[in-house]
Amino acid sequence: MPTRLCLNGVSKNFVMHLQGGAVLPVVAEVELAVAAGECVVLGGRSGIGKSSVLKMIYGNYRCEEGQILITDGDRIVNVATASPREILALRKETIGYVSQFLRAIPRVSARDIVAEPLIERGVERDDAVSRAEDMLARLNVPEKLWGLPPATFSGGEQQRVNIARGFIADFPILLLDEPTASLDAANRAVVVDLVKEKKASGAALLGILHDADVRERIADRVIDMEAFAAEKAA
Amino acid sequence: MTATSETWSYNFAYLDEQTKRMIRRAILKAIAIPGYQVPFASREMPMPYGWGTGGVQVTASILGPDDVLKVIDQGSDDTTNAVAIRGFFEKTAGVATTTATEEASVIQTRHRIPETPLSETQVLVYQVPIPEPMRYLEPREAETRKMHALQEYGLMHVKLYEDIARHGHIATTYAYPVKVSGRYVMDPSPTPKFDNPKMDNSPALQLFGAGREKRIYAVPPFTQVTSLDFEDHPFAVQTFEEPCALCAAEGVFLDEVVLDDRGGRMFVCSDTNHCEERRAAGHRGRLSGDPTKTEDASQGERP
Amino acid sequence: MNLPVFDDGAPLLRASGVTRYYGTRIGCTDVSFELWPGEVLAVVGESGSGKTTLLNCLSTRLVPTSGVVEYRMRDGAMRDLFQLNEAERRLLMRTDWGFVHQNPADGLRMTVSAGANVGERLMAVGARNYGAIRGEAESWLDKVEIDTGRIDDDPRGFSGGMRQRLQIARNLVTGPRLIFMDEPTGGLDVSVQARLLDLLRQLVGEFGLSAVVVTHDLAVARLLSHRMIVMRGGNVIETGLTDQVLDDPRAPYTQLLVSSILQV
């Protein structure tokens, strides 16, 4: 299967100017590749920089060194040097991101939040909304909540809304940042199914999963981030 | 100029010759750019602002010894303002005055255009309190001048829109904005909109003087003057249900006169000269003062 | 965040080295960026950072001391805004652009009705049918969530939030492609702010508008904008994707700004 995502020599430091310019190394010389139809999981202790790698791929964190190559249709884009406009285009068409935390927008209903990625990609509104409702139902979000803004939902409900939003569109590359944390067994199983469907459809998935059981069921490979630790464990 | 006047110590028509030249230059420019407000160095006149100082200065600048002057105020030749201004020019210029519209060569007016059609040999001088039609919506003079320059006249329709929104029809009945020769939007001074159609294509030269605001503008003879309106709320003049109570004229502008404290009232011609001429020609209205004709009134149109 | 409808052509607005001095004092120096159709750019910074000076230079309300601002006209031609004649510039401002002031009274005619406020731009470009103008005004009041029963009321009787929404409707009625906003939520209660932000977000998405939003509120920038420029003392401190600048700020000043946000 073709490679969709490839990191070459990616390093990241935070410079904390408010603490006298202290340099906080995050990761160094990260090398990894994810092929279509594959689910790769980043492993390693917390604080090792797994989330930072996902955020760099999504363009949320800047990448100072190395290349982050994304296959976008018939061209290859280096996120590390891409213009903001190119990154926005990648986020619209190519890279999806499922995070743990939902950034609720005032007054926008759960149904609309989930449907939004489809509408942005040109799906008819009615169609997008009905698919959003199917997804919410699948993740056991009670129907009476669909029309409400998720700001007041419980943590688990918000997370499921966010998962629904992350999985609804067919992104060729999907980044999973702890999608199953604090989900019950039934909903974890739904996520496992969703990931399997994405793999079957040829998406490349890169994720962080602490839940060993879920990891076991979906990961094709686990990459130990310890190898790229900026400061080797003492 | 003429020294036959008893008040030889005044220059002819009060203003000095240099001032008159300055004002004439402004008038010529105003005629050249129909509807455009030309600034001029308005002088102190022996009457307060608001009493027609702009019109008086224009009249003084165009008046010659052979002119015949008529002055009207709200259509009437015998109100204070009209009498005072007529007297002013009789005294300072020694010109002939008249109340008959057709005899006058220069007519200075406040608020009306005579009912008798004007001719090519006549000049109508308007006294203007506020020359800027957009003043109430856009108080910045620099801005309104720019809007005139760039023909940004959307604001005038905002005013008319407001009228319809509040009253169901365009309720502006006087100082109704017009577009002159397809270019400048102009305030026709506080004449009733009834008179707007008379400005259009008029054979007489129309000059407008605003003394306090120091502006002169003009509508040359035979110039198109269009009242602004909406497609679905077209411009229309006032109509009156009954004819003049004194001369039975129809299709003229009428004033309401309260007769007693029991609600009695009558409508009479605003143009007093027109009314008098009609009565002299034998026309009689419902309340005409001629006692021998009272049966006319009883046979009249009113139940 | 809604994502823009990109088209392949040139940017809509291009600023190159825009600099403005007030005498010897710096307003803003050497600001360059490109704005594409459908993009929302936030300019953030504290009072005196030069963000409003920049906004005024971009919107031709102020002439830059040096630098060029170009805009892609509807015919596709890129024109230097300060080479346009005044008539062209003013036409642009009341048809293809909008300007939302922080204080709605600066952008509204306070003594005319809401309907006339919305209809003015239509009348300015030649609409002469009262019924049609009123119908359009009604539909816009509805879009900005103002009860259409208030169409004949003047904005003096409106709340701050309603006035701001009315100002937005007044600006959008001619279908502009670019909106300038100066602290659009400044001075509003938090709940009113949230409603307005959501509305702006919706309208920007629905009409594919481009916008330059000046704000000191990073939350507003996060919610509305795709990209941001951080300014201080007239200089550009940092630029980038909005979430990038806020989540991974690089410049010391941006780090300070981000760390100063109150968490609720």
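We call the chains A, B and C, going by the order they appear; numbering starts again at 1 in every chain.
Simple rule for what comes next: contacts are C-beta pairs under 8 Å (C-beta built on N, C-alpha and C of every residue); 3 or more make two chains touch, one makes a residue touch a chain.
Keep in mind it's a predicted model, so treat the numbers as computed, not measured.
Chain centres here are means of the Cα atoms, and by that rule the chain farthest away from chain B is A. In this view the innermost chain, defined by its CA centroid being closest to the centroid of all protein CA atoms, is C.
Separation between the centroids of chain A and chain C, computed from CA atoms only, is 32 Å.
Per-chain Cα centroids separate chain B from chain C by 47 Å.
Remark: chain A and chain B have CA centroids separated by 78 Å (rounded to whole angstrom).
Per the touch definition, chain C reaches chain A in the complex via residues 2-4, 6, 36, 39, 194-195, 197-198, 201, 223, 226-227, 240-241, 243-244, 247-248, 250-252, 255-256, 259. If you check the complex, the residues on chain A that touch chain C are 14-18, 55, 59-62, 84-85, 87-89, 91-92, 105-108, 116, 120.
Residue ranges on chain C touching chain B, taken from their complex, read 86-87, 90, 109, 111-113, 115-116, 119-125, 128-131, 133-134, 151-152. Interface of chain B with chain C (complex): residues 137, 146, 150, 152-155, 157-158, 161-162, 164-166, 229-233.
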